[in-house]
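Below you'll find the structures, each written out as structure tokens.
Heads up, the next two complexes both have subunit A, just with different partners, subunit B and then subunit C.
Entry: the complex of A and B
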């Protein structure tokens, strides 16, 4: 077993990275366009996973659960922005104030789930799947599905951002909202779309996360939030491609490091990697340090 | 303030409490966060006890006893202000159920300083010997549970074990004694694995466990962590017998792990260690009756609590405090506290009672009593801990081997 340690660890890392990528790209996509650090993201993942679970319980397929989670995530995120966050922004709440608003919103969502569904654990009804060995790596069919979904979504997001008018409008809004508006871009609509897309990815990430953990409760998504933010920062905040790369690096770093030392340190290793990268490149791998400095200011 | 104390009749100077105001037990445990299941478990013991006490006419002239939930969130940073708030804002607070292992180190001193009797559900060994006058624990400590797990595993013939414990303070409490005990009995701990909680995957940890080729896994981690770990163990290796701590014998843990590996596998591979409690007798009848009287008020499904020793011990704790108040003729904590040990340990010639109603009747008749409740005999030592027996229980609630103190001591 020792001889193939890095290979199987790589496989484990790819699954973790796939889940992380869906979430981190969704997180950073919205942040890039709106400049709101949405700390309710993890709790929305849980809520979306619960919606998917509801579909699963009434006999829906896994695809239907994923779709339900994505649709719920998209609508809930857009509504959150329109009716909770935007009024604060209009009243001049700054970046730090918005952090508190989103944090509070997350706590409300988490406790709403707890109050409504109780301190219970939920598990999707999924048939026991076979484990496949692929060049020294082990995957279940669900893990193949998670990786495939992540790859497909990443391609779609990348094409949308680089090859469509909407993508260009989003990038323009992210770079300079005032200039984008003067140039005729309907930035409000672009921001709505960003929240919808981010929410859909959040919903998908929520469902695949709990498929992988097999059981979940009201805090599950929030437990994952720090790693999501870390992946987004590693790649460069507001950079979807960066978030993807950040997710892959963190996912693989955690699992491969566990092959060489106590797995207790795997999260430590991930964050050491993050700190080292940010020391060398404060804006992250794909970001620029000036943007970070201006948002800090 | 003085007026309210006078109205309640619990001014510390008064020798006999003649107040009638409703009394309150603070249920101080996590009601949210990863250990949110702890709080409802405490309430499932407090509410039946309060109902039984009220049905017997209340404590002294106080007809009503309330159970007030106070959420520690399972985190000392949240628990400290929550404890202070509970004490400062609750009228006629006469005792506490809790704290749990998550917040005990930070909040036991607060309750003790406030002279508030607490029946802690923490299993931490640091409280095995302590000088907190207002602290009580009627369940064995985690370290004793660790020895019991080792004895059971050795008796089953397991030779090679892996210890898999969460990195939280509650789970880590059992680890030193289960590993030391198993080694002392001649077994080998092939690997001791600490799981960071609530990760999306434990595949690397599973690989390490598989490489160790264990006969048995000693386990404690929160439900979600355990579910993910065992699902991946099943995928990448195969399931092996699991011996869990008392913390794993909870409905949420079973629900989560059952969802991950299936009910059949959970029943086949899992057994947990819990403090022994009798399954029949007058105290069990009283407990069951009390529980049924609040059937719709406790966390559902209520049937999960019938044979669960945690709510049983919480029920006993409240009954003990109530009987102590009755015996002291005072609801003032500093006045009734010494009667807690007296009512539990008894004295020569004391009448053995199994319910609040029975105890109150004997006390009113001028007799001394000894309370033997749903969890069996309670005998406090100098640190107000009551060590007891252990029993093994399966995931469907079936109780198995009972381990005596002498058997458990073999592992030490």
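Entry: the complex of A and C
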């Protein structure tokens, strides 16, 4: 095994995959239900990380930072949807228009952070942690926490989607909003919940991303956005389980490839994987190709 | 005019020309054909890099402080023309991947990803275009023809001439049956396909054609400013051109000139005179905030821009009216109105 794949890089891959999974599942969940491509997702991650940082600075624990990030992300996403995105949809803005609106929102958030806090790097104050050695892989206790959190959240999301009435309603809304509505599902409420969940995952992902990279600035979340999109598309957009698999594949592929070639290429590898998959299966690994075909929706 | 004033005015004029070319190119894709090309700036960049390495001497020159491919020292019009060809070739490859029958927002995502790959590759592949530092000291073309004082004006003339030539091509495309077909595919892809139009092929054609213009615009810019690096073509730069097109009037060649004048030129120049306040970079950040707000405001209040796309009316040929009780001119609608998007 050690001769084929350097095991330590597999460890890095698992950590990256965990962060990516939190973000990609949040991203794809909301896109699946609402059909709005939220390009402000990465910048919301940065904003949530900043809120978590604020809690950290005033002496909060890591758990409190994570909670603050998740709550902020959830509320900000829901407000963004209700007071910015939904009015544009009701106003008659179509697919392209919505992509432009979300991209604009992201640019505004990012530059607002830049203008307010300057081009500084921020670092969470974290107590010096021990490094653990597990079958050839090295993890800090924070990285253990990140992986544990990701696994727990993935299980909760999966159970919520498959085992509860709310999850059923969300899947129904994603599949056919009009049919869901006439079947008595309060689709507006479901969409609000989808934004809240997506935002909470976004906030968590933002905080763990900067915990792992140790320092961040106004562009950190947005730089990560393209990898998130790649993971979501790889799994099939709108498929939470697909996004999870996409995140694991990309997380491990990027880190393992970094062991063989210049680490600066690891993201290129992620995108090459994505482009190849899209050429073979336009709908992604778990997606339905028909769902992404063009029509004049 | 004082020397600095000449420099200021000519620089703005060249930038205006470059932005107009970029806006025409973007508009052909977004406004006419309905392709949201988030990788737009990559095509401008590849044109700029191509022109730069064809104009520069061998990589070992200037003490070998920068590393790049080619370095052929070609004379003036060739680097710009080749830049267009290389951008077109790249557009063909990208188009084959991204322009298949995917939902419009999917296409946009694929383009975004491709744009980021390009930045990563150019930044990391140091021997290609000198990595993150970028290329500098690109010689001024034609500088031997005139005195150094007259040179900027010469370049303004060259830019203007290229704009006129490109306009003739662009106008030809938008006013021809080809343009009409493209607008049809934009407005109702399924209907256009039902009428036997090969939507994917038509889009691929316009994608290649318009990105050649993007390449030329990048080449013109780099030959003037003499430097080019990955920092000048981050994917958000595409957003400036997109905003210009939306503000000016999507689908209207004259409108997007207005957009180029207002957004990249007037807006960037107006903020230049704001005295710096707050921390360094605050004015820049606020400038982006305002640009970010501008596009949604126009999408809300004036989705068709300052100079909207012309309503196209077609007279019914007289022969068809003989023996029919139809009025000589049918009430015509723009395709947008037909879809119920306008008022």
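Just so we're on the same page, the second predicted complex is superposed on the first by the 288 of 297 C-alpha atoms of A that agree within 3 Å, B and C clash if a C-alpha of one lies under 4 Å from a C-alpha of the other, contacts with A are read in each partner's own complex, and residues count from 1 in each chain.
As a working rule, a contact is a pair of C-beta atoms (placed from the backbone, for glycine too) under 8 Å apart; a residue touches a chain by one contact, two chains touch by 3 or more.
On a predicted model such as this, the values are computed, not experimentally measured, just so you know.
Trainee: Subunit B versus subunit C on the shared subunit A, clash or fit?
Mentor: clash
Trainee: Does subunit B (first) or subunit C (second) touch A:111, or do both, or does neither?
Mentor: In the superposition, A:111 touches subunit B and subunit C alike.
Trainee: Does subunit B (first) or subunit C (second) touch A:16, or do both, or does neither?
Mentor: After superposing on A, A:16 lies in contact with subunit B but is clear of subunit C.
Trainee: When the two structures are overlaid on chain A, which partner does A:237 contact: first (subunit B), second (subunit C), both, or neither?
Mentor: Touch status of A:237: second partner only.
Trainee: Going by the contact rule set out at the top, does A:138 touch subunit B (first), subunit C (second), both, or neither?
Mentor: first
Trainee: I'd like to know which partner A:128 touches here: subunit B for first, subunit C for second, both or neither.
Mentor: Only subunit B is touched by A:128; subunit C is not.
Trainee: State whether A:119 touches subunit B only (first), subunit C only (second), both chains, or neither.
Mentor: A:119 contacts both subunit B and subunit C.
Trainee: In the superposed arrangement, does A:53 touch subunit B (first), subunit C (second), both or neither?
Mentor: After superposition on chain A, A:53 lies in contact with neither partner.
Trainee: Using the touch definition from the top, say if A:212 reaches subunit B (first), subunit C (second), both or neither.
Mentor: Only subunit B; A:212 stays clear of subunit C.
Trainee: Between subunit B and subunit C, whom does A:267 touch in the aligned arrangement: first, second, both, or neither?
Mentor: After superposition on chain A, A:267 lies in contact with both partners, subunit B and subunit C.
Trainee: Once the two structures are superposed, pull the subunit A residues common to the subunit B and subunit C interfaces.
Mentor: Comparing the two interfaces on subunit A, one with subunit B and one with subunit C, the shared residues are 110-111, 114, 118-119, 262, 264, 267.
Trainee: Subunit A touches which residues of subunit C in the complex?
Mentor: Checking each residue of subunit C against subunit A gives 30, 34, 36, 97, 100-106, 108-110, 112-114, 116-117, 120-121, 123-124, 187-190, 236, 239, 242, 246, 278-282, 285-286, 288-289, 291-293, 295-296, 299-300, 303, 341.
Trainee: Which residues of subunit B touch subunit A in the complex?
Mentor: 31-34, 36-37, 39-40, 167, 193-205, 207-208, 210-211, 223-224, 227-228, 231, 235-236, 252, 255-260, 262, 299-300
Trainee: Which residues, counting only subunit A, touch subunit C once they are in their complex?
Mentor: Those residues of subunit A that touch subunit C are 37, 84, 88, 91-101, 103-108, 110-112, 114-115, 118-119, 226, 229-230, 233, 237, 262, 264-265, 267-268, 271-272, 274-275, 278-279, 282, 292-297.
Trainee: Mind listing the subunit A positions that touch subunit B in their complex?
Mentor: 1-2, 8-9, 12, 15-16, 19-20, 110-111, 114, 118-124, 128-129, 131, 138, 140, 209, 212-220, 223-224, 255, 258-259, 262-264, 266-267
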